[in-house]
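There are two complexes below, and they share chain A, which is joined by chain B in the first and by chain C in the second.
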Partner chain A sequence: MLQYVIRRLLYSAVVLVLASFLVFMFVTVSGDPLAALKITPNVSEETVQNIIERKHLDEPVPVRYYEWVKDALTNKFGTTLLTDEPILPDLWRVMKNTLQLVLVAELLAILIAVGIGVYSALRQYSVFDYSMTTFSFLGLATPVFWLALMLQVAVVQIYLATGRNVFPIANLNSVDPGEGLSFVIDRAHHLVLPVIVLMVANIATYSRYMRASMLEVVNSDYVRTARAKGLAESRVTMKHAFRNALIPLVTLVALNFGTLLGGVVVTETVFSLDGMGLYFVNALGTNDPYPVMAWLMITATMIIIFNLVADITYGLLDPRVRYD
Partner chain B sequence: MAQPILEIRDLTVEFDTEDGVVRAVTGVSYDLAPGEVLGIVGESGSGKSVSMLSVLGLIPKPPGRIPSGHATFEGEDLLTMSSSRLRDLRGGRIAMIFQDPMTSLNPVLTIGDQISEAILVHNSGTSDDDARKRTVELLELVGVPFAERRVDQYPHEFSGGMRQRAMIAMAIANDPAVLIADEPTTALDVTIQAQIVEVLKAAQRETHAAIVLITHDLGLVAELADRVVVMYAGRVVELADVFTIFNEPRHPYTIGLMNSLARLDADLDRLEPIPGQPPSLITPPPGCAFHPRCAISQGRAICRTEVPPLKAVGVQEAPHDSACHFADELANLGAARAGTAS
Partner chain C sequence: MRKRSLLPLIGVVAIVASLVVGPAATAGPEVAKAGTVVFIHDQEPPNLNNDLVGNGLYATSLVMNRILESGAYYNAQARLVPVLLTGLPKLIKTRPLTAELEYKANAVWSDGRPITGADFRTAWRTYINPAHNVRSRTGWEDIQRVNVKGKKATVIFKKTYAPWQELLSASPLPTHKVQGQNYNQLWLNSIDVSSGAWRFQSWQKGVQLTVVKNPRFKALPTMKLDRVVFRYILDTNARFQALKSGEGQVMEPQAQLQIADFRNDSNFEVQSLAGFSYEHVDIQFGPQGHAALKQPYIRQALITGMNRAQISGALYGTIAGRLPVLNSLIFKTFENGYTPHFSAWKFNQAKVISILKGKGCTGGPDRPSAGNNSIFSCPGVGRLSFRFATTTGNQLRALTFEIIQRQLKSVGIELLPRFQVAGTLFGTTLPSGDWDLLMFTWVQSPASKITSKDIYSCGGELNYMKYCNRKATKLMDATAQELNPAKRQTMLNQANALMAKDIPSIPMFVRPEFLIRNKKVTGPKANPTLTGDTWNAHVWTTK
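And now, the complex of A and B:
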């Protein structure tokens, strides 16, 4: 197993190098990042020239790539194009925010979805099962931005009708969130609506997976063997069925988690959350290639890491999978 | 016959499906004597497995249901007892061996876990260490080499034959009085089959259990069974001791089965299959379910209108029942057939 992990890590390094090259190429060929600056009035030729020199924009592409990689590795992802501010502190801040949001939403979604999936499978074709199937289809079919907007509208309507502001509809914190526990409560309060939005689609997907794999397992021969052994039904379900049924979901969640850490662009944008997704959108808007490339590299790394996590957990859960 | 350990009376099992009600088992009755091996023979879908699974509460309900019948085990009716009492019996006094050892063992638990689980659930005072020791003993008994080491392996590290040995070890873990072997050799190749037959014999010597051997392998029946129940379309069509069944079959379906066997002791160019297809269990043929495929019926009306009852035939002392309107016409056929075969 250890050997496998080391091999995979080395392999990942190669993939990352390749990814960095592709990222750089695509961002570079997408146009002159200084085009807007050059036609802005009151910007001196000298200013533009300074930036070009600082960022080696007049050098050939391989040299620029080398300079970028060097900067990224030795200088914490380098600095922004125009203002020459370090990128990493910003990136670090938005990563933590996104991690909070995604972690809470994923954990809740998994708990609820597993419950729904298992119960639906054990009571197949019951009213509950049909209701949850309908919910899943609706949840999957609902566009995220629409759901987010509707929740905001609902909160506003409640405010207009009763004068009570049940949930904040934007930002991660109030203007004056306070310290310690009151900060945490303030943050949690702000995360309620974004977490609901993220959960809906994930519960829909995960519960369908869980239901399907649980159904497959409860009708399997080894579950019948467990019953024939005289085990109580609860033990048959938990020890023999549930553990096996969980394997596909664990893999799916691990893979999904890596993608989500790249930021949930739509949700963060609608709720103005200072996370990875919004950071990326803003970086694209300012036409600054350096934060964009930093973001792309972080996201690629996350996806590679969580692919590895998925494989490792799969190997731990299923003894038939051996990586040597 | 001694007082039977398991009496099945008039058992009917139905399944609700989208196409209609499938009557998998219809009015089946048979007895199991202590220590005997009872073979239940029939083609796929004849109800041979379902009849045993249903009395142990192992068919899914719904869609399955048991509208009528009794299954008396040591004086108690399995079909009406509480589910916790039935659970006590399952894997304890009545144990099962399943058809496909590839899928009948849980892939994520070790062999040892799965066997000792059967011991622990029926012997609440047992320590984990004792259960493990007993598990190793059981594995040795069924002929798993290096049992001490292999007890910690997973099913995928066992070959098919070894897995079936482990299944048998699991089944005999609690000294059952009845061992139900549902096609125990079907999923195995021929040389392994022979070994598993020996293991089954050893298991019976060890536990003195009565065995219900569900199979479509007549060779296995000849090898192991004392008595044979032949099932067709959910009904018992013939019941006799194993010698009578093979030498003097009195039901055309049984005769058809014998004729379709590949034999080493006869010089046959082609096997004689039974013509036609197994009947639909949703809309079985009226009268005798076998009549559309029967060589004896010859279009006689009674075969199409009346279900033949299972009744005693022949003159021999051993009980022999057949459900054919014209069982008497078959009286000499078996002997004639034996003549051509020799």
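And now, the complex of A and C:
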């Protein structure tokens, strides 16, 4: 397996280099990053020239790419185009924020979805099963931005009716969040609405997978054998069926988690959460290729790592899988 | 084993508990205590040094203009009034241009050091240093030397610089903080000095920036509030919802339909006034533009076929009341000296058809008709079908285009949409000259009219229309050297009259600016200039 992991990591490094070069090229040829600056009235020519020299903007694309790689490796992703500020501290900050949001949303979604999926499978065609199926389709069909907006509107209406601000509309914390536990509680309070939004779609997806997987397992031969051996139903369900039914879900969650770490653009934008998604949108808006490249490298790395994690986990859970 | 398997469960329970307990623990509006105002804004400063390239944003001005206060600033009536200065800078002599400024005796930095003429000299030296990545050196590089005597500074220019008074009213820089420092790296994330009503306290990036009262600020009455918190909410809808739910008390929205909702809410006051930014449609005169646009009668047909009053009414009627059509490319509707030369071109669809037919154009309609599909072709210039470029993602611009397109189509002129993202439009398309009509906004200040030559003179730095009128150019060039404001005004109006005949650009309207305040906060008053709506923060109070 070690050999497999090393081989995958080597492939991944090549993919990263190629992806970074392609994206750098596309970003570069899409336009002069200083074009907007150059048409701004009264901008100093010396200042524009300083930036061109500092960022090698008058060099051919391969040279600029080489300079970017050098800067990224030796100088922690380097600095921004115009303001020459280090990129990594900002990226690190937004990564932590996104991680908090995604982790809480994923954990809760998995917990609820697994429960729903298992129970729906065990009580197939019951009222609960039909209700959850309906909920899943609604959850999958509901646009994230619409749900987020509706939740915000609902909170405002509650405030107007009662004078109580049950949940904050936006941002990561209050004006005075306090420290320690009170900071944690305040942060959790601010994440309630975004977490609900993220959870809805994930619960819908995961619970469908879990239900289908569980149905397949409970009707399999080895579960029937376990029952025939006289094992208690709870033991059959939890020990033999549930664990095997989890395998496809684990893979799905791992892949999804890697993607989500790149930022949940819509949720972060609507709730003004200072996360990876919003960082990417803002970086695009400023036409600065360097934060975009840094974001891309982090996101691509996350996706590659979690793809690998998914593959490895799959093998660990299912002994039939072999790594060649 | 059992204990270990319980850990994740305990973690999840803790998270769920915190989500449930959270609301009860922190419920209530964001006014944490009396004396705090939360100002909701749509953009966060990239850093705190507003002089550096990549900054110069209004979001930064809102915070920093009250930390590095100006010698004099534009008030709500767009009049220059002294703040740190004893009076407006005085002209000593015209050749060479020499002017004098003096800081008030009680003008001090927040660390107790007096603000002196040396601090103005430091600002000058900082801005002209080629190693510093400052946005603009305009005006500063025309200064020969600065003589300092205590609170006074005498500034001698190399050549005449018409907006000298505004230049000398700029913020002084603290010599004791700036000297020996790399200005490119100074005040990026914090600033430990202030000459204004408040001083910097903290900045939680991506969330909020907090400033607190500067008790040493005596140049104007000391700020009544304890602090102001700028909360950064980038999503438009979330900003309005946050204001409504009490998460903030003051906001400067862009023109949005949600403003109408606040106008009807007795808990809020909506202020709107015309600003210095104006929307206009530029016409391309260069080789890549449509040949027809070089013909004066076609440009006359275009402006006559647009009902500009109807457009501004449709865009802003419900949120800003009646917004007058702009009929000058230099002066704004509310400014002294505004002469509406472009009002000669009144909306008249029948006249458009008559102009075109009179010049031998064929194929168009005989009378204006909403359902018309016939487009005119004119001798030597072809079909009157023009590429109309503007930014994507701006509902008001999309609506403007739609109205203009319909109005012109009903008289036989076709507009083809060429919407682009702002970066491409302003970065590539606009400078390339490869467009026919291009609609955008010039963001200006009261002193911008002196530099109108950059936009409208022959070969002007920002003249992307490639328009050239030698007489108008001579007049506009002369205003940059003219120190007498009355004479400047006359010359600019003469230039505007010439441009109104040529129609290089169609002025649409001055964009309205808005300020919404929760009535629990008193004092905020909209300011149409880049001084920002925090200009009078020293008088703000909370109920």
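The rule we apply is simple: the second predicted complex is superposed on the first by the 323 of 324 C-alpha atoms of A that agree within 3 Å, B and C clash if a C-alpha of one lies under 4 Å from a C-alpha of the other, contacts with A are read in each partner's own complex, and residues count from 1 in each chain.
Operating definition for what follows: contacts are C-beta pairs under 8 Å (C-beta built on N, C-alpha and C of every residue); 3 or more make two chains touch, one makes a residue touch a chain.
Here the structure is a predicted model, which means the values were calculated and not measured.
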{"item": "Superposed partners chain B and chain C on chain A - clash or fit", "value": "fit"}
{"item": "Which of chain B and chain C A:Val184 touches, first, second, both or neither", "value": "second"}
{"item": "Which superposed partner A:Leu101 touches (first chain B, second chain C, both, neither)", "value": "neither"}
{"item": "Partner chain(s) touched by A:Ala300 [first = chain B, second = chain C, both, neither]", "value": "neither"}
{"item": "Broader residue contact with chain A after superposition on the shared chain, chain B or chain C", "value": "C"}
{"item": "Partner chain(s) touched by A:His240 [first = chain B, second = chain C, both, neither]", "value": "first"}
{"item": "After superposition on chain A, the shortest CA separation from chain B to chain C (Å)", "value": "18"}
{"item": "Complex interface listing, chain B residues touching chain A", "value": "56, 58, 60, 87-92, 95-96, 98, 100, 103-109, 114, 117-118, 121-122, 154, 156, 167, 170"}
{"item": "Contacting residues of chain C [partner chain A, same complex]", "value": "11-12, 15-16, 18-19, 21-23, 25-30, 32-33, 36, 38, 46-47, 52-55, 130-138, 184-185, 188, 204-208, 210, 229, 231-235, 237-239, 241-242, 244-247, 422-424, 426-428, 430-431, 448, 451, 454, 461-462, 464"}
{"item": "Touching residues on chain A, where the partner in the complex is chain B", "value": "219-222, 224-232, 235, 239-240, 243-244, 247, 317-320"}
{"item": "Residue ranges of chain A touching chain C (in the complex, touch as defined)", "value": "31-32, 35-44, 46-48, 50-51, 80-85, 90, 93-94, 97, 104, 107-108, 111, 149, 152-153, 155-156, 159-160, 164-176, 182, 184-186, 188-192, 195, 269-272, 274, 278, 282, 285-287"}
